[in-house]
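Structures are listed in the sections that come next.
The following pair of complexes shares a single chain, subunit A, combined with subunit B in the former and subunit C in the latter.
Up next, the complex of A and B:
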């Protein structure tokens, strides 16, 4: 297992590899979106434009299956952003990896831009146990719990903000439904929803990356296995991006749509 | 002993989720066979259910990895 370069800053640990990967995937998504909308044409659409139209059409029909059509319309941009960002993030860690090794004759602390990554004692201890010290500088941003928790936090605020502003009466009433005794369970549900949303995405991608690291330990025997797993990871990445988006909108529609009986 | 713990966590989680996912997918297939026009709606619901079931063994796997590597 590789170590990740975590820098302490004001008491909070910042993982440089995941911050780097988030920046890269933001740039990729932004460039993709800009390229798709440049030279828009009805008669002679470019391939990227066709692809983006297909994505938006797919996202639109997906949201429309969870809530009424006139409400779904204004969420298309949010859903497209989520699904494209998460899909790109999931795939980003698959093809690339930058690893720097710490030499066996290296003594003293390991530093990066003046910040300490590993203290001198930790380095000496690892050398004494004959451990392999290496830092991975690139991974899927979604293989970091902080990134997925951030996305889930956005969704969490959105669910409750939209519920309170657009569906005030029924939003507060639904905590007491079907019986007022259910209040603790309903409160628990508000916590578990974003938690499972974040953990599902994180755990799937993290488990995939750990399996890749494990396969790489096999050496050349692992090449066919790695090819199969990388292909499957693309599928898993797409499914997880889809699930995150659709669950977000199932939760939002639960809080803003009230069906009269 | 830690390896044994990790193996049990992953194995039992996968077993239970396998049964759960199997039930969801088999019922969906039955539903689609009975009403092919409801395919897209059924599939959407199926994926939501599968996603909710999947989260348990996957968290188990991550816990297993944490036991294994620390």
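Up next, the complex of A and C:
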């Protein structure tokens, strides 16, 4: 598979492709949102405004299905940001790929902006094993486990912060329910929830991109297949964005809403 | 699968920045506008409901007024009909009475004239008879036949009405 360019600054590794993807995703979302709301009107809404209102209403009803209506209102913007950002991120890797290959007769370290991506030994070893060396410079940010882990950490923080501040008593009591023996399981659950969020999103999008890369190796025969898979990836991207968002709010709702049993 | 921890941090920061940006410049204003539109629509519905009620009320009032006017007009017509009939009857009665009075007056007049004429005639006849009598007396004084004669004349004259 493609390698990802990781450069080191001050002993910390930075994955340039992921950072680029995150920045591009953010900019795309910002620009789209900004353009969509540039011409707001109370009396004569444009088509774009109607669409945005539909998105907001959709998100609102989605969240409202997981928690009481008056609590859902505060989270609509967060949920919309999440769903739009993840959806755009998921789609970003589909149309564009930017790959640089390392020639077979290249020897010595591979560098980028004065930074070493691969050491001379690694290149030689790869050549010796007849491996294909190529760097992918662009991808979906959500096809990177580290990026989805970031999103999941935000969710993790939100779940517990909101639980502690808004539902203090029941939040802590919740760990001992239904029986105190369940404490280890409940603790494990706090870890598994965000982990599954991150892994699910990453795995779906990454798998989609791997398959695209694989189909591309087929050459021109793969074109119809690629078209079908790209279409399906859009669907998967939308589903995963929706899933991530609704699960986030299911988890938040679990921690902030106390229901009498 | 490789994990670069810096990406996680960058993602968190990027997401928070994105959220703040969207909250402030995109979805926040959109939310405000949506709220305003909801209020506007609510207000319009209320206003429409109000004007509908008002219109219904007006319609009912108009209907009542129309009915009243119709009733009034009918009453006025009825009244004028009665009045005119009464007046006509009055006029006819007055005319009849007048005619009767006139006729009676005429009859009375005729009667009195007739009586006057009779009286006058009687006087004249008496005079005449006296004259005739004197003339006859001049010729032959026979009181018995004279009286008989006078009565005979008188009868002849008076019996003729």
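One rule holds in what follows: the second predicted complex is superposed on the first by the 252 of 261 C-alpha atoms of A that agree within 3 Å, B and C clash if a C-alpha of one lies under 4 Å from a C-alpha of the other, contacts with A are read in each partner's own complex, and residues count from 1 in each chain.
Just so we're on the same page, a contact is a pair of C-beta atoms (placed from the backbone, for glycine too) under 8 Å apart; a residue touches a chain by one contact, two chains touch by 3 or more.
Predicted model only: the values in this text are computed from it and were never measured.
Engineer: Between subunit B (first) and subunit C (second), which does A:154 come into contact with in this model arrangement: first, second, both, or neither?
Structural biologist: second
Engineer: In the superposed arrangement, does A:247 touch subunit B (first), subunit C (second), both or neither?
Structural biologist: In the superposition, A:247 touches subunit B alone.
Engineer: Looking at A:36 after the superposition, I want to know if it touches subunit B, subunit C, both of them or none. Which is it: first, second, both, neither?
Structural biologist: Touch status of A:36: second partner only.
Engineer: Which partner chains sit in contact with A:53 here, subunit B, subunit C, both or neither? Use first/second/both/neither.
Structural biologist: second
Engineer: After superposing on the shared chain, does subunit C or subunit B touch more subunit A residues?
Structural biologist: Counting contacted residues of subunit A, the larger count belongs to C.
Engineer: Is A:134 contacted by the first partner subunit B, the second partner subunit C, both or neither?
Structural biologist: It touches nothing on subunit B or subunit C.
Engineer: Please work out whether A:191 is in contact with subunit B alone, subunit C alone, both, or neither, and reply first, second, both or neither.
Structural biologist: Neither subunit B nor subunit C is touched by A:191.
Engineer: List the residues of subunit A that touch subunit B in one complex and subunit C in the other.
Structural biologist: none
Engineer: What residues of subunit A sit close enough to touch subunit C in their complex?
Structural biologist: Interface residues on subunit A, with respect to subunit C: 4, 6, 12-15, 18-19, 22-23, 26, 29-30, 33-34, 36-37, 40-43, 45, 49, 52-53, 56, 76-78, 80-81, 85, 141, 144-151, 153-154.
Engineer: What residues on subunit B touch subunit A, complex-wise?
Structural biologist: 40-41, 44, 47-48, 51-52, 54-55, 58-59, 61-62, 65, 69
Engineer: Give the list of subunit A residues in touch with subunit B in this complex.
Structural biologist: 1, 61-62, 65-66, 196, 199-200, 202-204, 206-207, 210, 239, 242-243, 246-247, 250
Engineer: Hey, which residues of subunit C end up touching subunit A in the complex?
Structural biologist: On the subunit C side, the touching residues are 1-12, 14-19, 21-23, 25-31, 33-34, 36-37, 40.
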